[in-house]
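What follows are several structures.
Heads up, the next two complexes both have subunit A, just with different partners, subunit B and then subunit C.
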Partner chain A sequence: MASEQTHSGNPKVDIEYRKKKSAEEMRYQIVSFSMMIFLTLVAFIAVGYGDFSAWFIVPFILLLAIVQVVFQLYYFMHMSHKGHEAPALFLYSGLLVGLITILTFMTIIWW
Partner chain B sequence: MHVEDKFTAETWPAAPEKQTLEGKNKFLGFWLFLGGETVLFASLFATYLALKDKVPNAEHTLAKDLFELPIVFVATMLLLTSSLTSVYAMYHMKNFNFKKMQLWLGLTVLLGFAFLLLEIYEFNHYVHEYHHTFTSSAFGSAFYTLVGFHGGHVAFGLLWIVTLMVRNAKRGLDLYNAPKFYVASLYWHFIDVVWVFIFTVVYLMGMVG
Partner chain C sequence: MSTYAQKKGFGATVWDYLTTVDHKKIAILYLIAGGLFFVLGGLEAMFIRIQLAVPNNDFVSAGLYNEILTMHGTTMIFLAAMPLLFAFMNAIMPLQIGARDVAFPFVNALGFWLFFFGGIFLNLSWFLGGAPDAGWTSYASLSMASEGHGIDFYALGLQISGAGTLMGGINFLVTIINMRAPGMTYMRMPLFTWSTFVASALILFAFPPLTVGLFLLIFDRMFGSNFFDVANGGNTVIWEHLFWIFGHPEVYILVLPAFGIFSEIFATFSRKRLFGYSSMVFATVLIGFLGFMVWAHHMFTTGLGPIANAIFAVATMAIAVPTGIKIFNWLFTMWGGSIKFTTPMLYAVAFIPSFVGGGVTGVMLASAAADYQYHDSYFVVAHFHYVIVGGVVFGLLAATHFYWPKMFGTMLNETLGKITFWLFLIGFHLTFFIQHFLGLMGMPRRIFTFLPNQGLDAGNLISTVGAFFMAIATLILLYNIVVTSVKNEKVGNDPWEDGRTLEWAIPSPPPFYNFKQLPLVRGLDPLWIEKMEGKKTMTPAEPLGDIHMPNNSFTPFMISLGLFVAAFGALYREDYHWGVMVLIAGLGITLLSMFVRSVKDDHGFHIHKEDLLNDDDKGGKA
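And then the complex of A and B:
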């Protein structure tokens, strides 16, 4: 947005500042990516090599997936930035309808 | 600022994707679309969960005997990495570096294409080794609809990004195409979001039984 534009009056200073900001954000992206890889590895290892009961493993890997998706949405898709109020409303509304659908299908289809 | 304006790295705005009215509208409209996509995929997940392992007789292969973790793991790594490469592409877009943006988008496309090839191999394997087809059981229908719909999104995303790359190859970056690149990369991340739930709910939970 225009309001986020920096105007020091000196384009060279502005670009230095912005490049620094971008590089800083890119570091967060790399951290997010490492976390996502780590969470994926944990989930695969837990299922492939772990000797856990289904009652533990299913909620556990679902939790890992949710954490990973939060990283993806808030960092990779920039939902942590300003100006994402409407996207959050759209996404969470969709998610609400979706979760109700899943709950319905899982409970009443084989009733 | 207008769409036709020529920019340099110094004059390029900090949020080029939302600098024009068209860009702002695209951004908002695209997120509304992603909200709708969430509902679409959730209903396919709901169908899959309701119909998982629902087969007419004991000759049909069930999820835990069908899936193999190594191939799913490789597919996951490919798609996850392609999400990072598209983040790099947008990083260079914001720094007004068109060539590097194109390079990272190209890498994204290659990784996405490798994922798609792996999925085709996987489906082919299920059909020929296990006779697990779209019409063999309710389980088969639900599985191929959900995972196939995701694969279809990957294929569409690849065509979309390649089209943008080719059509804008000579134009360079401006406020006309910056929102287009940005929105395509959002779509690509969303595909990865859906895949995270597919590998967890379909494959990993399928292995658990």
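And then the complex of A and C:
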């Protein structure tokens, strides 16, 4: 990204804008990164604490995992930015295929 | 430094192809390798038909028959049909969207070599103790019980070549999304490009389930796990699901590009815009989508229960709707057109009734209750050969004639082409039409012989005679190719004279950079639009400038070779003490090659503007 500025006809404006953008971007990354570490700790504690039943722990950890995936995709892999429509389309299609597979396996192989 | 015009020695040419990253040369590699496997699979088919020509035949033994049958199906689907389609996708799709290459030329080469080594590995099983013998579907209950290493060759070979296919698919997707020429919007893309796009998306989603299934099989057979071992709590039906979640989309991966090829041919030789372009695009995407919802129609008799069977039956029948839309659009394209019956057009016209035949039996099979009668009988064999030969193979043969001039700069002989067509058409219907009735009369599928006087004798003999017609047709096609190549009469940009899309605006074969200047696309069928305004070439969309090109590389070959070696290690790990070493050594070669690729900077090179200017004889103008 940064190298693009040098090719631009009007570097000054670009750099100003970029700097602000990057700073903002950086803040998001740090926040989500600390959130991810925190969530991981929570997951470990949930298991390590020992007093919760498996019926609570398993769905809870899965939920945390989903949140982590969202962070990963939207903050670290920039899915929230413009120009990511095609990757989003393919990710969600893949998700759909995967979910259908799980659904059929649950219903007609394992009940 | 226009070195590409020089004549090269034989060794240099071989080295050039071993290291090439040019999509047009990779296309030729796919064509040659796929063609060889097609001939091999064809030979296996002939052995099958010879064995079944008369009752109680002993041309081959029962065990060998199973191996031949398995290898025929596996080879034809994975090593012939798909690579041959990849050949045309590689050769034509980048030209159709006005690109200078695919998005990742290096990965393109890697995809080819993985496919090639996987295919070789699979076929070496013939010499190393026997080929796989559990059918191309390799159902776990059979394949877990199969002795020897045949199934291991199947699982490892397909794993390697499947990785190559997956890479190829992703590469095409990225190319189409990112590398379209100025003005080439999605809704201006030729249908062959559209169908390449949808087929690649299907590859992206369909191959991972196969990969998972194959890994489970590999672990069970070679590393002692119990996924499919019922005695230890495993379940063989899981394999069936995984295989068909891949397998049904796979049949659309095969047939959609063929649909695309025919769409181009119909429009070109009816000299008319394709009827209902947007509904064609819609139908292609819809077929791709529905293709994932229907896999259990291969498992109606497994005991899924009435609700599951009903859902999958209805979903399956729904696919007939978009397919029907396409059929009518092709018919309406011809309607009122000024039709030229060239060889590709003959295939296209013959494709319609042949494929509809396969579609009708498909809907019959999709009626779950009726399928209890048809399942695992020759009726199913007839069905899928009508769709695969009548659809895919006709499409490949049509494309061979249609795109040959673009790929090689010479025209295949039309008279020989038409002879091939008629022999193949007659042979095809002779072989497979009668099999519907053999099936209905009770002849089971995958049977190595049958008894006399049960009403099956005449039908089987007729079927075998038909197979010989197709074999002769193929030989004539090969003869045609040799004669054409020896004569080597070069043709111009637009040898069919009615080209509509971008590939016909540049020389045959195109220069290695394809387009000197990227063309400006002003609508669907861009070249046709220019022709209608009295121009012969496209309007350029950019000034003449330096062109950046990738360097050749031997690394893709080495990465694939490493996996090929490693596969032998995995296979013989339990038999010989050197197995583990070979496994490690092979993976080492692969990882080392990948490492070299990662650390070595390779920025490619530029073709300079001055050289492009001097290169007028080579054309390549947008």
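The criterion applied here is as follows: the second predicted complex is superposed on the first by the 95 of 111 C-alpha atoms of A that agree within 3 Å, B and C clash if a C-alpha of one lies under 4 Å from a C-alpha of the other, contacts with A are read in each partner's own complex, and residues count from 1 in each chain.
Criterion: contacts are C-beta pairs under 8 Å (C-beta built on N, C-alpha and C of every residue); 3 or more make two chains touch, one makes a residue touch a chain.
Because the structure is predicted, anything quoted here is derived from the model rather than measured.
If you put the two complexes together on subunit A, you find that subunit B and subunit C bump into each other.
Of the two partner chains placed around the shared chain by superposition, subunit B and subunit C are both touched by A:S93. Of the two partners, subunit B and subunit C, it is B that touches more residues of subunit A.
In the superposed pair of complexes, A:V31 makes contact with neither subunit B nor subunit C.
Look at A:I57: by the touch rule set out above, it reaches subunit B but stays clear of subunit C.
With both structures placed on the common chain, the touch criterion links A:T104 to subunit B and to subunit C. Residues common to the contacts of subunit A with subunit B and with subunit C across the two structures: 86, 90, 93-94, 97, 101, 104-105, 109.
Residue ranges on subunit A touching subunit C, taken from their complex, read 86, 90, 93-94, 97, 100-101, 104-105, 107-109.
Subunit B makes touch with subunit A in their complex at residues 9-11, 13-15, 18-19, 27-28, 31-32, 34-39, 41-43, 45-47, 49-50, 69, 73, 76-77, 80, 83-84, 87-88, 91, 94-95, 186, 189-190, 192-193, 196-197, 199-201, 204-205, 207-209. By the touch criterion given at the top, residues 1-2, 4-6, 11-12, 14-15, 18-19, 22, 25-26, 29-30, 33, 36-37, 40, 43-44, 47-48, 54, 57-58, 61-62, 64-65, 68-69, 72-73, 76-77, 83, 86-87, 90-91, 93-95, 97-99, 101-102, 104-106, 109-110 of subunit A touch subunit B in their complex. Of all residues in subunit C, only 173, 177, 201, 204-205, 209, 235, 237-238, 241, 245, 292-293, 296, 304-305, 308 touch subunit A in the complex they form.
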